[in-house]
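Sending over a structure as structure tokens; questions will come in a sec.
Each chain carries a letter (A, B, C and D) given by its place in the written order, and its residues are counted from 1.
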Amino acid sequence: MKARIKITLKNGVLDPQGKAIANALGALGFDGVGDVRQGKYIEVELHDTDRASAEQKLERMCEQLLANTVIENYSYELEGI
Amino acid sequence: MKARIKITLKNGVLDPQGKAIANALGALGFDGVGDVRQGKYIEVELHDTDRASAEQKLERMCEQLLANTVIENYSYELEGI
Amino acid sequence: MTPELVSEHGLSAEEYEQVLSILGREPSITELGIFSVMWSEHCSYKSSKVWLKTLPTTGPQVICGPGENAGIVDIGDGQCAIFKMESHNHPSFIEPYQGAATGVGGIMRDVFTMGARPVANLNALRFGAPDHPKTRHLVSGVVAGIGGYGNCVGVPTVGGEVNFDPGYNGNILVNAMCVGLADTDRIFYSAARGVGLPVVYVGSKTGRDGIHGATMASAEFDDDSDEKRPTVQVGDPFTEKLLIEACLELMARDIIIAIQDMGAAGLTSSSVEMADKGGVGFDLDLNKVPCREEGMSAYEMMLSESQERMLIVLKPGSEDKARAIFQKWELDFAVVGVTTDTGRLIVTHNGHIEADMPVKALADSAPEYKRPWTLPEPPAVILPRDVAAPDSLTGTLETLMGSPHLCSRRWVWEQYDHMVMGDTLRRPGGDAAVVRVHGTTKGLAATCDVTPRYCAADPVEGGRQAVAEAWRNLTATGADPLAITDCMNFGNPERPEIMGQFVGCIEGMREAAEALQFPVVSGNVSLYNETKGAAIPPTPAIGGVGLIPDIAHMADISLKIEGETLLLLGAERGHLGQSLYMDVILEKREGAPPPVDLAAERKTGDLVRELIRDGSVSAVHDVSDGGLLVAVSEMALAGGVGAAMGEYDGPQPVHAMAFGEDQGRYIVASSRSGEIIARAKASGIPVRIIGETGGDTISVPGEEPVPLEKLRSLHEGWLPHYMTSR
Amino acid sequence: MKASVIVFPGSNCDRDVAVSLEAAMGKKPAMVWHGEADVPASDLIVLPGGFSYGDYLRSGAMAAHSPIMRDVVAKARKGTPVLGICNGFHLLTETGLLPGVLMRNASLKFICKDVWLKVVRNDTDFARGYAPGEVIRIPIAHHDGNYFADEDTLDRLEGENRVAFRYCDASGALNGDINPNGSQRNIAGLYNETGTVLGLMPHPERLADPALGGTDGRPMFDSLVRALH
């Protein structure tokens, strides 16, 4: 199955990249652009067949490696099966 | 409204970050992990009220700045209204 | 105010009494927060001040000693070097990448706020034992964070130190140092002299970053939890780069009265310090402060530690000129207040006065403690013959060179852009780093040094040694040592034995700084580095800066020429107590650390500098951790030319001569050994021929030579291998 | 010869390359702010290294939209020589003046060190000071230098002889683990179709002064001055 993981900065954590993107969009003439936040999107192919255990595994992957839980939140969707 | 944009590498484009994550997951003892691909996830707050025009705008944002369409695909969802 | 709230703000009952008597009433929550940060150990130096005052801080070269954002020394021709070192220990333990990154950003602001362009960064890093489960992650994050910030800003990171020791398992140390260059007639200070002047905020917007966890109790913060108040600050090096350029552009106009970065305790400490030094009051209107988040309270704005912000007091009427510069660099600019003759800090938000407090009392009446202290019993000196000999000298050399303590730090500094700005004359990997003073033929040398295991065994000797080693590393490049900055990292000062370590180290530093005329011009104190009662080893990191008057005459460590003589200058005693030989090979830490003879140190260093300047030597390296054979091997590896050690026929055991860590010694390579020996003897400096350069091995009499390539792979191998294994 | 160095917010090798240009040309290049609409009349345009816009989003992505870049692209298409170093190479790919992209280094780490480069061709204004096949030592300092293009593009680039430099070892050999960043076919620098636009990751301006430990970068500036004066 395939996991689609979104990693986003927690509220209140400064996002220099998002800020720079917002400015750049403004400079390109896009108006009405408010806050921009940049995160990561990770797709992981899992050979699991059991959904519950795959979810557990994902949870651990996010906690241990994929997200920096001091400043980031994560969420995921599982697809297939 | 809020746009949630996913930017992913096209098929066939090398993904050093994804590869490194896959290796690291293996080293951490996660088994059954196949391909990993890392992309970007960007949230943009739009002050638009019209969905169609907001979509057009997003399309242009992605083409012009957010994605490098030589190697990246993008997709988005609009929320609110 | 409940006692809980007071104690959560880190104020003792007596301190709170003092607050009441200063204000003549109960403080508001904002005022309590302001007192709390101003009187924190970090801002007030309440435990350390009495001792810091004993350090020598003056000299003909000193333009500005401690007390300002950074220290300033004259380097001639109308230019000066401005530098400081600072800790970011705790944040780096919580979030290594951002903690280290913001440490680099903060120290650079201390330097450019005084008018300098930062030209060199250094970093002194202490991690826990390699086999501690957190170490690898911390090393990787800290190094990436330092690089991520410095590389982006475009200031070369040219030197530093890395240690691994179980004593740092629960408290790593990340000390960042920055050296800048300025014109002596364009130095900027923080005293806001004058009334009715605009107070201007520039840089990034203020968010809820770094607001102390202790202050969560008050009702206004009760809506949704932690999520809103991360204590971790995120660095924005791109904004820092713009801020440097914008500030330097503003400084080139004559419109600044005073300028101060917003470091720890942000708006609070910057405004109190500027007002206090200028003898004025500040009226601040918080509604003018650029905010990143909605609904921020006065308390949050005054205590926020958002990065990349500065406070500037301008000449009246110059706001538009200044605004234009910051707009060009796409930075926030807001007039947030005015200087007054009231002597009070008055903070208004939404039409309410949130704080109204006397500046002088806030700044000056911070408590000052002479905490009880005890010095450890100085350990007994262990004689060389009482330390077990190894089976083989070369085998021991191989082990040492490939150990975590002595292996190459290339894995670290290759992640740092150490060449940007086009003036790096001596890259990392030698003794001090050297950067050219841009557009001239002069050089600035810089180094970071301390040996915590010596300090732990004998704080006074350790303090002396740290200063002497920094002086030595500068000397070994041919520089005149100018001055030092320090970063005093210790445990809980309320424990007499920890306070004793502090007092002892300061005493040793004082003696060495005086004897070597190497004054302390800036520094930083980081206390309470302990977890569950386990304190870090005492770590007074010394940052030294020196001047090379003519870069045509400087040295490096690499052996370049075959058939030269290797000479050792300085006295040999074969001191093995607290040596790496004892630590790594015998797995114990015993005895007194090697003593530093400051008079001999001075004499030997002065001769080495002369030899470099008159071209008598082709390579120079001081002997430090690991001793003589290690130092020779480092020289051989750096230049790709081997060395054959001669027979030692002195009174000491051979292993003590090979691995002893006697202080005040240098190895030089030369084809003029006779002349050097004569000059050393004339000055009463011990000198001995220790070997000859050449070949592609390191050899010692009676043992199989070790190929350089073998040593190189051991030396270069450990760190990358460690970082990629799990 | 007149040269212009374009300065973006976050450029940090602009001064370094200006120093090297001045040493070769005998006069200072013009420093041109990214917000200008036009590059002043120049024989050479340099896009310097650094972190334009912090390298946020993608290296070079935001700077590619600077007002000045419209004119840089137009002038490049009309034949004005353009040298893009490091972040300048990112900009050349982002604006489409050169094909492909520079991805994160295979090690994922920033790398600053001297590397060996093989000069693939020397028949351009940039490289006449080198011998074909010469091996030179030049520093790199980047996080995103891993050159990627699809196989067809790579074959076409090779067919058109557009590779300028390849990472190699001290003897000029291309195999083994000498590739510092994972670049396809060891590509360190590339030309456009006419050989008038050069993008390269290594920094020739960092070893063009004996005091810095080497001068292998100097011939590039000297070649440009000889060709364009």
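Here is the rule we go by: a contact is a pair of C-beta atoms (placed from the backbone, for glycine too) under 8 Å apart; a residue touches a chain by one contact, two chains touch by 3 or more.
The model shown is predicted, which means the values in this text are computed figures rather than measured ones.
S.K.: Weigh C-D against A-D on C-beta contact pairs and write down the one with more.
M.R.: Between C-D and A-D, the larger count of C-beta pairs in contact belongs to C-D.
S.K.: Just curious, how far off is chain C from chain A if you go by their C-alpha centres, in Å?
M.R.: 36
S.K.: Which whole number of Å gives the spacing of the CA centres of chain B and chain C?
M.R.: So the centre of chain B lies 41 Å away from the centre of chain C.
S.K.: Using CA atom averages as chain centres, what separation in Å is found between chain A and chain D?
M.R.: That pair's centroid distance is 34 Å.
S.K.: Of all residues in chain C, which are in touch with two or more distinct other chains?
M.R.: 236-239, 330
S.K.: What are the residue numbers in chain A that touch two or more other chains?
M.R.: In chain A, the residues touching two or more other chains are 16, 20-21, 24, 28, 38.
S.K.: Do you know which chain D residues sit against two or more other chains?
M.R.: 53-54, 56-57, 61-62, 65
S.K.: Quick one: which chain pairs are touching?
M.R.: Contact pairs between chains: A-B, A-C, A-D, B-D, C-D.
S.K.: Which residues of chain A touch chain C in their complex?
M.R.: Residues 10-16, 19-20, 23, 68, 70-71 of chain A touch chain C in their complex.
S.K.: In the complex, go through chain D and note every residue touching chain A.
M.R.: Chain D residues touching chain A: 53-54, 56-57, 61-62, 65.
S.K.: Once bound in the complex, which stretches of chain B touch chain A?
M.R.: Per the stated touch rule, the residues are 6-8, 18, 21, 24-25, 28, 30, 32-48, 57, 60-61, 64-66.
S.K.: Using the touch definition from the top, list the residues of chain A that touch chain D in their complex.
M.R.: My answer: residues 16-17, 20-21, 24, 27-28, 38.
S.K.: Would you pull the chain D residues touching chain B in the complex into a rising list?
M.R.: So the residues of chain D in touch with chain B come to 57-58, 61-62, 65, 94, 99-101, 103-106, 108, 146, 148, 150, 182, 184.
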